[in-house]
């Protein structure tokens, strides 16, 4: 139980950038560096810090958001996948992600990677060795454990001698590289097998055995509420939702998910609404969306940010940061909004009837916040009683945090006018 | 939204006595008075306050824990059930529960009743009137809404004109009687239809329309985690479990339920582990258990109390209070244990492996508590690291709250020896 | 087991008229007589024989296809529902359906009624007596057994003394009336409880105890394939489908149901496609369809008749017979088509690809039949190999049974041209 | 549709021997030859004809009933598995199973093999070629289609160009070898994905494209009744049950399965109760049972044979034939019993109450049979009315087919005395 003496990792909800929404499985080193540089220059001072390389950085032929099934992957002598040299040139010579991580650290930021649960199928069929054990990949692979949407790995059988050694060897390598954040996929809500609790435990132990603080993020969702405690005891963030994109119906559905999961947000443990599909997206996407600016209207973007913030989801920007316009940047640099995200507490829904819903939260100084959302298709004009934020209390002032305007408070309420899909976030005093 | 200005009802988890575990559907007035008197004398100063008459007080022929299907019930002229005069003599002359509630209030306690969701079937088939509406019982009954285990009522169709009026008339009557607590049954987890959200809303509105503070308790369980937010917004307590009795396997199973629900306990809103089947039980039971003292061993009783307290379940004693022995009374009057129950915060599981589980909580002064449970069939001797209560902190002292002994702390840990099904509750400093 | 010596009841699939599709719950005596007279004159010689009064003939206020919940019903002194005198004048004076049945018999036809599973709720709440037992209606009603769409009855608890006596008394009364056919509803596929096997057995025993041959028809569907054997051992026909109406998507879906159930059709036991919604429908309907001629095109009508015939579903006409036009009448009087219906054997699907499907059957003389259906939205021209009817055999001639034309057979095949939703039924030789 | 002109394959339910129950995945050529020789000498004249090599004949290291995950398999240049030469010496030099099939044919018998659905994983990861297409194994493997209990294959994606070519190449090879029977596994009821209809269709087309008559058997079960028609249109036999062994509870459960599936038995199409675990079993088993004689009592063996026969399941003997004792051999050589199996029709349950059940069937001459089973734990003495076999008929004589005794018929019934788990099979006249 000694790991419990450590300082809390992810004591506030992580903020950063992830390569998936713009580059799918195919991001390249110069793109990662470029986004890191943008973040260091424009976003770091607002709390943004993680730069995360998403799925299949070990696949030399990856060119889009689609996986090529059953192709050979770059792997070291110990069944561990390593960066594809053609895509990550600094990794050549067995250096792995160390040079890239060093560069990101040099910018004052943190570096993250994505991995698939399990061990490479190519290692299993070849009975490749594992560091620190005489068991081979063939010995520890589970005979009935695949990912239904990607063919890279077999799951690891936790009952087998050598399974912990494999995950230990993996995270020791990531520690050596300087990895600060690992997003493990196909683990929180497999479509074939449910939640992979035992592999989560192997990974938790592997991380605890490292000298490095590494944020553990679990995907995909929707995670099952029934295992909320196990997730919370073992991971720093986990997806409450299936893959999220710039469609209103997905944002609409997130309100119900946030409602269910809000009670589980606490320092070190964050239910995750998935990446923010904002700005320039789908640059090498071959699916539906294609290369585009976010399909969300500005009202919807505000609504999304407000929801993510008040329920304290991690904020991982999904677009190509360097192509941000001023509007998009403004969404990421509103200090008071981000203050609530960082120091909020007790975020929860206090009212819902039809398409109108109201959330509240406090910050660390006890300041109250109130957000009102119009999820309907028509405009909404409504009285909003500030006492919703706290029964029995009265609030003389209310500031709209997005427009930076003071609202007129009359008999304990403000009059709010919201466009369809729009919202308002108020700080009360 | 005006109800949101009210003071919080049930700001700490309710404590009291309920007639079901000892008298089933058949409790009589003198028994209620006798238990109230005991409570006033021995328990009131420790925070115990609610005296609750459970199911079918309107059924003159009720004689045990079994319901007699389809029998006539005592009802007023407006489709509202009233106490059976033969069982509750003071209710004669149309006085309802007012005399009994007055008596309980006179003892410095609060008075509660149980009701079934819906409207009496006998009123529906007779098209009996409803106060405050021209609709009759026939008009508002839902044609497909029964309770699968009791034939007294039909559910009310929230879409029908008159449905709110019916529930309003009901709670106005209860207010006049002086009822402080209403346990509504067949509503939180129907075996036929799931959760009855719309009827919960009707009831919430009816209570909010009264001038009286009435605790709303919902049964039976297990409530579905998916509707946790709705429960929390509308009710003061709700059952996380099906009916609970003095069987180890039920207590064992409660650990998993508490783990799932712990995050939802907060002032005004309490996930409920059901009554405490302690002391003299089943006095008029015709089912399995029969007339008996609790089948729980003393170790199991301590374990149950510790779990209920650390996760802040309401405490409703189920036995005949007047037959308590000293041991049983001692479980209900441990001031430091009850202090944690009343002022605890952040109760949650921090460790579970096999049959060993550890919970922690804080009180309002930030004092840390640690409970260790041995759910196994053999004895357990184990080192318990106090830092489990709070990563990074060190605690020089640990007091066993049940035995009132100081434990020896060595290198941040105590050595704990637990019998099968046993537990320890420590206050750290 | 003595009932097994009886002659087979319903040795061919029943044919008749049912009042539901045109009159809902509200048919009146003169309408029943009128349809019976039409049947005697125009259809009897083709094999049509049953005249069936559908649901709620005991409800004086029934006026449409909608049920009035919780209203009083006409009942005799023994908890048995009897015809509403205002709707069935000949039943006055306690004569029940005897006069009407006598009239139908006098026309050379047979008489049927519909009942709901169970015992009237009004009898249960009143503890009304049951003939032949000291148990009352209250004693035998199941406390958790309702119909989710009609409030007339409670289910009967087969474990209770008196339950068999109740059903016996019911069918003895129907025997006295001269009932030849009973359609029992809310029994084959309850939406709340599944299949009511035990009540089916009570009813089977009650019928076997009568001196009268009574066809037992079970509703609603879709019956579960898992209980096919139980249905077949106890009933003469049972619904493979939920309520069927004049919508193409329902007819389309029936092909899959017929495919699954075809193997279970055999003398005395018939999977049932529900009534034929042809001719003048919905005369007192307050639901979707309203008063109308069938919405099926003529091609669809042929397709429906062909499918019902080749898989030998019972044929129960649903429209007001007296308003039949010549076309509709022609569908019911095609002798060769009805010959296949009556004497067919081995009806089964032999081909399905996309929207084209082919069925085959034989008649009692070994004559082969082939039906081809175009379930698509465009026309179809296709070669149809006659050997599909029987591997290895060759058929020199093929007669189109609906158009009465000989088809040209070339190299063992005919060329078929079918409109969208159209079909052809061939007799081979 | 030309395949429909062929003579019916498996016009009677197949009878033979299968290597699984005695040798698991490890049978060797000399064992196959030895059992074939026994069959030719002792069983052929009774109708037994198929000699089937079960799973993993391509796995050189197979030594028991357990599969070795992820090991290399013997494969030809076109992604097709071939017999392991160390286990099947006659296959050396690329001859495959031809020499062994020739030998079996020389004995006047037929030869069968088992295959797993799909294409070898080792071929997929290596992008190995497929005969008759430019697609490789990598191109046609389905990215989400494994067998949950064996790691040899990936499923084939029917949407991919080359998938039909692969299965065609497979069955062309089997035709060249002289294979008469193919049991395809992981296809009728996958625990992960349900029924693999599309792959069944690929295989059906591949067989229809061969010049050879090949019986198609699908495993494992329990097949879903919902797809009965698809199974019947495409396969000759399919498993109604999960793997069946010599345990009474499995035999007991088969009665319900047979009841549900009996209606689907017809020439060419046979619901399958799985192998007969009789005689010497588990010779190289490492699971539960071990090397043993069947655990079934003689009464249970008779009961099993009677049930398989009356519902016309295929009969595939599972034990080492050469170790049969006289009793076991007698079960396989009862001419009248096997006559019913071969020529029976209309086999179905006619009575079930508690542990007593009665089945009936006819043979091709209209002779009636009646089987009574005692599924209870105590002895049964009962009157059995022969009219159960056919309502309305009377039978003066009844011959017990297993004991060869005439029963005394009195008032149309015989008195039967059955031990626990025992049965009687009567031929009536």
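To keep things simple, chains are lettered A, B, C and D as they appear, and every chain counts its residues starting from 1.
Going forward, contacts are C-beta pairs under 8 Å (C-beta built on N, C-alpha and C of every residue); 3 or more make two chains touch, one makes a residue touch a chain.
None of the values given here were measured: they were computed from a predicted structure.
Counting steps between touching chains, the shortest path from chain A to chain D takes 1. If you average the Cα atoms of chain B and of chain D, the two centres end up 58 Å apart.
Chain centres here are Cα averages; for chain C and chain D they lie 39 Å apart.
Counting partners per residue, chain A has no residue that reaches two or more other chains. Chain contacts in this assembly form a single closed ring in which each chain touches exactly two others. Taken pair by pair, the chains that touch are A-B, A-D, B-C, C-D.
Residues of chain D that touch chain C in their complex: 1-2, 4-8, 225-226, 228-229, 233, 259-260, 262-264, 348-351, 385, 387-388, 391-392. On the chain C side of its complex with chain B, the touching residues are 67, 69-71, 121-122, 124-125, 127, 138, 141, 143-144, 146, 148-151, 192.
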